[in-house]
Amino acid sequence: MSKTTVAPTPAPAPAPAVRVSGLRRSYGSTVVLDNLDLTVADGEFVCLLGRSGCGKTTLLRTLAGLDKADVGVVDVPDRVAVVFQEPRLLPWKRVGFNVRYGLPNNRESAARAQAALAEVGLDTHADAWPKSLSGGQAQRVALARALVREPQLLLLDEPFASLDALTRITMQGLIRDLAERHGAAAVLVTHDVDEAILLGHRVLVMDGGAFTYEVDTSEAGRSHRGSTPYEALRRDLLKHLGVEET
Amino acid sequence: MSKTTVAPTPAPAPAPAVRVSGLRRSYGSTVVLDNLDLTVADGEFVCLLGRSGCGKTTLLRTLAGLDKADVGVVDVPDRVAVVFQEPRLLPWKRVGFNVRYGLPNNRESAARAQAALAEVGLDTHADAWPKSLSGGQAQRVALARALVREPQLLLLDEPFASLDALTRITMQGLIRDLAERHGAAAVLVTHDVDEAILLGHRVLVMDGGAFTYEVDTSEAGRSHRGSTPYEALRRDLLKHLGVEET
Amino acid sequence: DASPAPAPAAGGAVDLSKVTLNVIDPLRLSEAELEPAGVADTPYKINYITVASAAETSATLASGKADLVLAGDVGFSAFAAADLPITAIRAVEIPRAWCGIVVPKDSPIRTVRDLVGKKIANLKSAGSEIVAINAFEKEGLNYFDDAEVVNFATVGDVVAAYRSGQVDAWAGCSAPVYSFVSSGAARFVVDGSSGPWRGNNLWAGSTAALGDPAREAAIVDFLHRAEAGYEWGQNNVDQLAEAQSKLVGAPAPILKALYAVGQIKGVPISKDVIDGLTQTYDLEVELGNIKPSKKDFSTYVTDRYNARIDNG
Amino acid sequence: MSRPTSPTGTTHVSTTAEPGPMRIATTLRRACVPVLLLVLWQVLASTDVIDERLYSSPERIADTFVELTRDGTLQDNVGVSLLRALAGLALGAGLGLLVGLAAGLWRLAEESVDLTIQIVRTVPVFALTGLFIVWFGIGETPRIVLIASACFFPMYLNVYSGVRGVDRKLLEMSDSMEVGSLTAMRHVLLPGALPSALVGLRFALAYSVLALVIAETINSRNGIGYLLSSAQQYLQTDIIFTCVLLYGVLGVVSDVIVRVLERVLLGWRSGVEAR
Amino acid sequence: MSRPTSPTGTTHVSTTAEPGPMRIATTLRRACVPVLLLVLWQVLASTDVIDERLYSSPERIADTFVELTRDGTLQDNVGVSLLRALAGLALGAGLGLLVGLAAGLWRLAEESVDLTIQIVRTVPVFALTGLFIVWFGIGETPRIVLIASACFFPMYLNVYSGVRGVDRKLLEMSDSMEVGSLTAMRHVLLPGALPSALVGLRFALAYSVLALVIAETINSRNGIGYLLSSAQQYLQTDIIFTCVLLYGVLGVVSDVIVRVLERVLLGWRSGVEAR
């Protein structure tokens, strides 16, 4: 947790938002992250794909400063917004408060929270208890909570997993807008290859605690489903995830 | 909750596994399920699609006997297995115990639990605490807990939401096998149209507390992705979910 | 006041071997004395019961778990007022100088008049309270109005208040007071020897026990022995102090100082005894501590055992 | 625990919306046992099965109650006692809440105070009134401190355990937002520890009145505790039982207070209802 | 609560794996305050700042302790007291656990017993030893019943509240499996209520020894409570404080017992550690 001025780097003009080097994390004898390096540029949107249990959440938690690395240097901006794999709403606070939690307690925050709720389609639920929300609604509230912040880094752990197709598209748009509006870097974990291609400037595949494949998707994201380059990229990624389509 | 011998039905040869009629459920003034009818035949696999918050989970809970209908008749078999939208593992019991929870406490149960864990790829985690599992791993344990039972009705609420592509394919296979092996009826809630087509004999789209669209997919499931009938069906369903692909 | 009830058959006619006499003796003097006095070879068993408060004593009596109890005059008044099924059959005289008001050695307070407006630590319903009331009255004063009486429920609290200088004086009795007086840390302003208070303790038998010839005989026999014990104690103060000290936990030197002041001895129920007792009873009623029983107080005392106890 | 089953399956039929919780019926059912016990007591006393001198009886208690109320004894004593109890409660439970929160939150705080508290907790302070007198004199202070000391421990222990039991995931969420520790305390830890704190409050409420019996032996001339202990000294059974019944009433009142607090503060936790 | 930050962002550098929890250092830190208090006490007494007759001193207590141990007084009294406490604890806490579970589980049970318990809970039983004598005689029974009655309430209340706080989602899961109510009780409710039950146990442990002070006034000639109350009657300050210290030791012992139980039974809840 100590702060250091790491040995002078041959600094590239825009300092990267995230710089991880030699990161190692193990639980007992199980090594989850093994000498992992990652650099995310300012404004870059990185998507992480990987098998269940391969360490994606662990990496995100380390970036968020919630888990300590065993070995390694982790360098992140100050203002980070996290969307966890579960909604993590305060059950004793109403939805509206959950969204503006942590913001200064004033009119503006309340208005922003209300606006964010409207964006995720839950403006009528501001006064509901979290317990009364459906799974997808709770996830959207967690998204709204990230939206009202102005993070330099967005960490998203499967934020759209329990959303239907239409809502998912809307939410994806909101997140992409948020990242672009603030020039924030983003790391998104997903199991949906299409989503990764659509949102990410870069897609990384994790396996065995390290990145095994990396692909630039800033072009492909703009081509549409069914087009040949898109489908090739998709197949390629799926292959690296162990799925061969017939 | 009272048991009744409902007015003599003009009984069709195989009694349906699930018969819901005139089901109505509201929270306060919000009507979630509105005069809903549903019949699921023995051995039939029904998939539910629908917008976030449209009442899918509420319907499943009612089928499971966990929620009471305001009005209506709900008729289900005795042995029901539920996979909830969250894993719902007992945090104070190890993974192995969680899987065999509720089974008679003997060697055979333990062996079956271990086998089910192996099927979901977690045989090495039998002695782990639920807290130490990743999101997807916990979900797989919940699946294993359903697998060791011999239900007449399987209720699955987005059971594959946080699984990667490969694991998801394996799990889908396991569930389909389970349903077929016991001739169990199944109701599966999902947001993945492909999954619905693949697994379901029939796909229902819910909206505004009622079914708005119903399609037989027993044929389409066997055709493969990219084929014209498959893509047509897919587009059709997506359209009913509000998504028009360009 | 002699009760006309016919005395039941006395002496050898009853079988005492099956009797267990349940005795509440707070000072545990009999326990300490019977053995060394050589009168412990009772033909019946004795079961000494120790209880902490008046409420516990009364519960034990009322539920028939005790046959004989030694109580102070104030305590007995309360028992009578509560109409417990008991009768006092013998008195025990204790040195009246045991109770009084003490002040620190170097205190300017010399007389009762000096106590006016002063804080006096008071243990409720102890003999010392009566001594204090009487002493003030003698001076034409009222204890509760003219002094600032500070009430406590336990001796420990009284001593804490006294020692830490929260009060100017202390109205108390027996060992606690004498531990200060004999060490020179306190002196008496007034003690009970000057007042009308008699300060007798009373042996009271339960109606049930007195109605049962065997237990009645045992009670009579026990009291006779107890008085032999007192007599032995008068002549063997050092030995008594050691033995009692072991039983009740009070330091032996203090007990010796106590017995140096005067002696404990049994006395038959007499008009004097009854008058003294009635005085205390009336005072407690007047103070509002007890509500008088519907029955005449004298019915709770009888002198019909005087001779039998004297003769053993 | 299990749904009704039949060989042919389970059928749930619902025809009308369930009526709202029948508060009055519930209250009646709750009051059933205490009322029955009172009746039984009276019957046993009236038929001389139990000795009224030892056990009093509801009738005699009622008489005493009326009598003591008519001459103002009861009102005076209960009033002054309640003020004392309240002062001690505020002091003790407030401190217990703060220290419990601190110990639950910061390892350093826990390590410095917890063991000391665990030690002091087992010491029979109620038997050490002398020390209170020495330290705090013979005025109102020792009484209130004694009551406070009785209220402190249940609050501390329950709050501490409540804080430790707060879902760590929520704390992480809060941490990741870089909110100050005060905010986290107010919105995450305090509400999370609230169910436990309310249990602590239940105890503290009871102890604040129970401690009166001890506290009001110190230079006291009034109060329900004083009334009880002097009634005991003079074996006034009816007054003793009147005090006991009064304590029972205070028990009901404190139960109602906590229930209302629960309904207001734990509204979000509607899952707590029994089946 | 917040991570170190800098204008240029946050850097976490880790070079070696964190060493395991340093148990010994922690224990030392914990013992710090009590030991310091003891030292302070001794210093104040030695320098005559406080009056040894009122406050005793660690040295005098140690002397008394050695003396009482040498003549066997202490061993005898503590031994018999612990047996009594244990018997009362088993009875009271066991019953509290069962009734608390029942009330938490079944609405009917709750409705029939809860109010009565809330009423009785506020009644100062410790001041009603007379009743115990009337009901249970003057043997060992009233003492043990009195101790049990002190242990019952904290256990009941905490278990009841613990059961109510068990995650309803887990109960639903259990229900959906049609397991029997015994199974659900054993594997869902009991473990879920365990953190609360352990708080209840903490109280019950303390009360079982505290109640000795009262219980051992009933026709008792031995036990630590008897020792304390008779020392009080005759103002033997050193013995009083020796008893107090003994109670402190019992406090430490019961703390250790519950901590060990927590480590064993709540191993799954590693999230409870303070930061």
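Observations, loosely collected:
Labels for the chains are A, B, C, D and E, by order of writing; each one numbers its residues from 1.
Going forward, contacts are C-beta pairs under 8 Å (C-beta built on N, C-alpha and C of every residue); 3 or more make two chains touch, one makes a residue touch a chain.
Since this is a predicted model, take the numbers as computed values, not measurements.
With steps allowed only between chains in touch, the distance from subunit A over to subunit D comes to 1.
By the document's definition of touch, common neighbours of subunit A and subunit C comprise D, E. Distance between Cα centroids is largest for the pairing of subunit A with C. The leading chain pair by number of C-beta pairs in contact is D-E.
With each centre defined as the average position of its C-alpha atoms, the distance from subunit C to subunit E rounds to 40 Å. We define each chain's centre as the mean of its Cα atoms; on that basis subunit A and subunit B are separated by 28 Å.
Subunit D has its Cα centroid 47 Å from the Cα centroid of subunit B. Contact of a single residue of subunit D with at least two other chains is seen at positions 3, 5, 54, 130, 134, 169, 175, 178-179, 229, 232, 240, 269, 271.
In subunit A, 65, 78, 86 are the positions where the chain touches two or more neighbouring chains simultaneously. Touching two or more other chains at once are residues 53, 55, 58-59, 62-63, 154, 156, 159-160, 163-164 of subunit C. Checking each pair of chains for touch leaves A-B, A-D, A-E, B-D, B-E, C-D, C-E, D-E.
Taken together, the subunit C residues at the contact with subunit E in this complex read 49-53, 55-56, 58-60, 62-63, 65, 154-156, 159-160, 163-164, 175-176, 179, 248-251.
Per the touch definition, subunit D reaches subunit A in the complex via residues 169-170, 172-179, 183, 187-188, 191-192, 194, 266-271. Across the complex, subunit E is touched by residues 64-66, 78-82, 84, 86, 88, 90-93, 101-102, 129-131, 149 of subunit B. Those residues of subunit C that touch subunit D in the complex are listed here as 53-55, 58-59, 62-63, 78-79, 81-84, 119, 124-125, 150-154, 156-157, 159-161, 163-164, 166-167, 284, 289-291.
Taken in their complex, subunit D has these residues touching subunit C: 51, 53-54, 129-131, 133-134, 137-138, 217-221, 229-230, 232-237, 240.
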